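Shared between the two complexes below is subunit A, which has subunit B as its partner in the first and subunit C in the second.
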Partner chain A sequence: MIIAKNDLPGLLDKLMSEYEVYAPVKEGAYSLYKKIKSGSEACFGYVNSKIPPKGVLFPQSEKLFCYNMTGEGAKLEECIDSGKKVVFGIRPCDAKSLLLLDNVFNNDKFRDPYYLTRRENTLLVGMACLEPAGTCFCTSMGTGPFDKAGLDIMLTDIGDAYLVEPVSEKGGALAAGLGLSAAGEEQKAAAAKARDSAEVACRVNIEGLKARLDANFYDPIWERFHEKCLGCAACTYSCPTCHCFDIVDEAVDCNGCRVRNWDSCMFPLFTLHGSGHNPRPGGKERMRQRVMHKFKYFVDNFNATACVGCGRCIKNCPVNLDIREILADIQGEGRSDK
Partner chain B sequence: MQRNPYLPLPMKLVKNFTETEDKLIHTFTFQFLSEEDEKSFPYMPGQFAEVCVFGKGEAPFGIASSPTEPGFLKFSVAKVGVVSTALHLMEEGTIAGVRGPLGNYYPVEQMKGKNIVIIGGGFAFTTLRSLITYILEPGHRGDYGRLTVIYGARNPGLLLYKDELDQWDQRSDIDLVCTIDRPVDGWTRKVGFVPAVTKEVAPSSENAVAIICGPPVMIKFTMPELEALGFKPEQIIMSLENRMKCGIGMCGRCNVGNKYVCKDGPVFTKAELNQLPNEY
Partner chain C sequence: MRMSKLAQAIRDAAKKLLEEKKVDLVVGFAKGSLPLRSTPCFIRKPEEAAALTWDYTCENNLANYLRKREGKVAVVAKGCDARSIVTLIQENQINRDNLYVIGVPCSGMIDRFKVEEAVDGREVLEVEDKGDALVLKGKGFAREVKLSDLCHDTCKVCRHGNPVIYDMLAGEPVPAKPEDTFADVAAFEALSPAERRAALAAEFSRCIRCYACRNACPMCYCTECFVDCSTPVWIKKTPDVDDNIMFQAGRVFHSAGRCADCGACDRACPMGINLRGMTRKMVKEVKELFGHEAGVSLDEKPALSEFKADDPQPFLVKE
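And then the complex of A and B:
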């Protein structure tokens, strides 16, 4: 099936009658996934968004419940969002990140109803990457510019139209309801050609990385990586697989809401005990935690690396710390050795 | 879908008791509002819960009561931050929230048939009280061998649960050794630090399990004494504390290596901890 580019705004408008539609929108020099009010707001001339679309399912700030204290006790009201949503134009790396986050929010003992309810009610329409950025290293992290994992529908830009490929059953049903015209051989060939010409130039070698991390917790190598880190947490806030959060009350007297906000392992307060003791007191420990969590602990627990190679942490770092260089250093193939 | 793990159970504070002479630790007794609520909170010694003061927030505390004491939950809390201060000031009769039970518990099944050595220091005696009460329950006492408890505090005024310590002293089925750091007039029990007293009491490691909770410095110096007595890492059980928020293994802060203290702990054997980095 195909969608002509001219028809896309109208099609998004149609989707909006049934779904909340999140699509990339230009914000100054950046793109962000936002809930659109009109199909014409969406702008698909983007490499990827500044902040990942994980916020559609796991908002940066969200109410968990509200409470009112009455004479008889506490009245609680859950704030579970079960609205039907479509994320239109999600990149394959970000779709993959949601498959990883599913492990966290549905762990061996507990289910997070906020994330999981949104997840069940959200369709992911992916957009293949024809021009990956220089910071992208997705193909080293088990995904790639045409990876369909986690998607419901995959779109590929073929010039004046998008080739539409249903991936999941839900995606098939959605596509079938849109009344799209069938793709011709020529259009299929154009998509295949685009696929062949897209290239992710950057490679990161993670073979054997886990085994090294299993053994190097006390290695002096960790003394170096954090040296220029400011602890600003831009890397974790812009990471599609980071899931750490804080829970706070926002209330006047005894009436208010419990709210969760994204938090970061790069902050000292994240782990500070009431006694003053801090198990991760310095930049060294916190940088080690970030790397270990993504490339060792997550692998231990879920048999997958908690990185999809989107490159946002590299792009957004104010002091140009580069996870690819850190990994190369750990692998003993740092720049100085080259 | 299971119950929303973020929603607290409303409970009534029925007692706000000043536990220590320095007034920094209070013991809070919360009553379940209904039988149904109580049924929804089946817990074991060693587990913890998030206690919330509506309007202030929530914080995790070990449960000091034992499941053999129905109708209420007890927490002994030091006044440290926003939530604990609000709790200390809370009037009896106020409704607070409790979320849990969370975490794993002392392996009371595997401990059956064994001699039990419990070593506590300072105010890290809360879940140990739960465990001792559980073991001393007439229906359970026969399941375990000899019960030795070594409990130290800086001075007599800082010991928790003084009335119960006196009652336990009268019993023949528990060997309680209380110790304080320096001599005090009128104190007739032991004087000395917990590691030295452990060496002196010298509980046998044969067919035994040691459960140890206390400040890091006490643990650091007691561990070699236990090892000298022949306790293997598999026989030593500890309960960890780390800063927590969610209590369900998602918010990311309490991990030690690939384990979350909230979800996979807080109870670990020394053998398990030996496999993890020392980030606690």
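And then the complex of A and C:
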């Protein structure tokens, strides 16, 4: 199937009558996924969004329930969001990250109803990457600019139109309902050509990385990585796979809500115990946690690496601390000594 | 002096200091991993000094890495870093006797957001330096932009490009600049309260509470920041506009008379929020009320550490 670019705003408007539609919107020099109010707000001429769209499913801040205490007792109101949503134009790396997050929110021990309800009601319409950025290393992380994993529909830019390929059953049903015209051979060939010309130049070698991390917890190498790190959350909050959260009550008098907010292992409050003890008291332990969690603990737990190579942490870090260099150093490739 | 010569002077100085064991550590900048980026680096061996560099991308304030250091440390300090260092010395965070300042006269650092805006958000892959202009190149585009148009707003009004303290100066002093008129703050002050509120809300609705701003600021060094405190909860942890503004307002009050207007917070913000709008309002207030500019002289007491019986206090009683 195919959709002309000129018809896209109208199509989004149509979708909006049934779904909340999240799409990249231009904010000055960068893009953010936002709930759009009109199809013309969406803008697809971007490399990747500043912050990943994971917040559609796992918001930076979400109310779990609200309470109200009266003389008669406590009244609770659960806040499960079951609205139907479409994330339109999600990049393959970000779609892949949601498959990784599924492990965390849906496993033998835990089923997170907040995340899972949203997940079940959300369709992912992907946009193939024809111009990967210099910081993208997705192909080294088991995904790539045309990876359809996790998507319901994949779009490929072929100039004045998009080639529309249904991926999942749900995606097929959605596409069928849009009344799109069929793609000709010429258009399919144009998409194939566009794909061939796209290149992810950056490679990161993670072969054997897990084995090294299994053995290097006490290695002096960890003394150095964090030295310039500020301990902010510019990296983890812009990471599509980071999923740590902190639960707090926000209340005024007898009315309040229990809220779940993103947390970051780079913060001093992360894993601070009630006793005052913190198993990760400084930058060294925190940076080690960030690297270990992505490339070892997550592999231990779910047999997958918790990085999709989107490069956001590299671009957003205020001191240009580059995860690719840390990994190369651990691998003994000495990239940061260049 | 050419940037490459400056970098060489810094390398030579660092190497010598380490060889002669005058310092144990040199904090400076190395080449970054992306175009138009450099990165703070920590040099401990003379042979590592070759990694040091200097150019218009050395935007971080290195004073941030100097508090409560063990041993003797040398730092590469541009004008604003040096002002922060002065204040930190006054606040007993840095021992002047253990610090060697390699001062670098600075004519301005590049604002990455201005670069992005200049190329409409596309990715810059290569940069050609033409002296007073840069050619920003990426896939299918090349744009020449004047260096002065890419400079941080901080640098445009900075009058202290020449470090106020140093043990050696790398390069020639830069020419003096006229007094800062605070035109940006005056424009903000001219707005009605509702307009000011709307302007702040527009900026801070984008805040993700990553705290890069706070952590990049050399003056934010409390063991426990008020935003992290949970008993009591001073502000909500949830990033909503009102609390985001409260956070910045708190930060600005806490750095009154201490903020050197270096712009480190503004440079660190990944969301490109204009933080100097707030910090400079306070810088202006302190200057007008107390005639004080933070970190300009070691001999001048910080505004809020000094009390004079005849201090003007029109905010308390009519004078």
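Operating definition for what follows: the second predicted complex is superposed on the first by the 335 of 338 C-alpha atoms of A that agree within 3 Å, B and C clash if a C-alpha of one lies under 4 Å from a C-alpha of the other, contacts with A are read in each partner's own complex, and residues count from 1 in each chain.
By our rule, a contact is a pair of C-beta atoms (placed from the backbone, for glycine too) under 8 Å apart; a residue touches a chain by one contact, two chains touch by 3 or more.
Treat the numbers as computed from the prediction; the structure is a model and nothing was measured.
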item: Clash or fit (per the criteria above) of subunit B with subunit C on subunit A; value: fit
item: Touching partner for A:112 - first (subunit B), second (subunit C), both, neither; value: first
item: Touched partner set for A:275, first subunit B, second subunit C, both or neither; value: first
item: Touched partner set for A:85, first subunit B, second subunit C, both or neither; value: neither
item: First (subunit B), second (subunit C), both or neither touched by A:255; value: first
item: Which of subunit B and subunit C A:34 touches, first, second, both or neither; value: neither
item: Partner chain(s) touched by A:74 [first = subunit B, second = subunit C, both, neither]; value: first
item: Vertex subunit A angle, Cα centres of subunit C and subunit B, expressed to the nearest 10 degrees; value: 90
item: Touching partner for A:50 - first (subunit B), second (subunit C), both, neither; value: second
item: First, second, both or neither for A:246, with subunit B first and subunit C second; value: both
item: Contacts of A:294 with subunit B and subunit C, given as first, second, both or neither; value: neither
item: Distance of closest approach, subunit C and subunit B, by C-alpha atoms in Å; value: 5
item: Common ground on subunit A, meaning residues reached by subunit C in one complex and by subunit B in the other; value: 246, 248
item: Touch list for subunit A against partner subunit C, complex; value: 26-31, 46-47, 50-51, 60-61, 131, 133-135, 224, 227-228, 230-234, 237-238, 246, 248, 250, 259, 261, 264, 267-269, 314-316, 318-322, 324-325
item: In the complex with subunit B, residue positions of subunit A that touch it; value: 64-65, 67, 69, 73-74, 76, 78, 80, 104-105, 107-114, 116, 217-218, 243-249, 251-256, 258, 260, 263, 265, 270-275, 277, 279-280, 285, 289, 292-293, 296-297, 300-301
item: Residues of subunit C that touch subunit A when the two form their complex; value: 32-34, 37-42, 60, 64-65, 113, 116-117, 120-123, 125, 139, 206, 208-212, 214-216, 228, 230, 233, 236-240, 267-272
item: Touching residues on subunit B, where the partner in the complex is subunit A; value: 1-2, 4-8, 10, 33, 52, 54-58, 78, 80-81, 84, 95, 97, 216, 241-243, 245-246, 248-258, 263, 277, 279-280
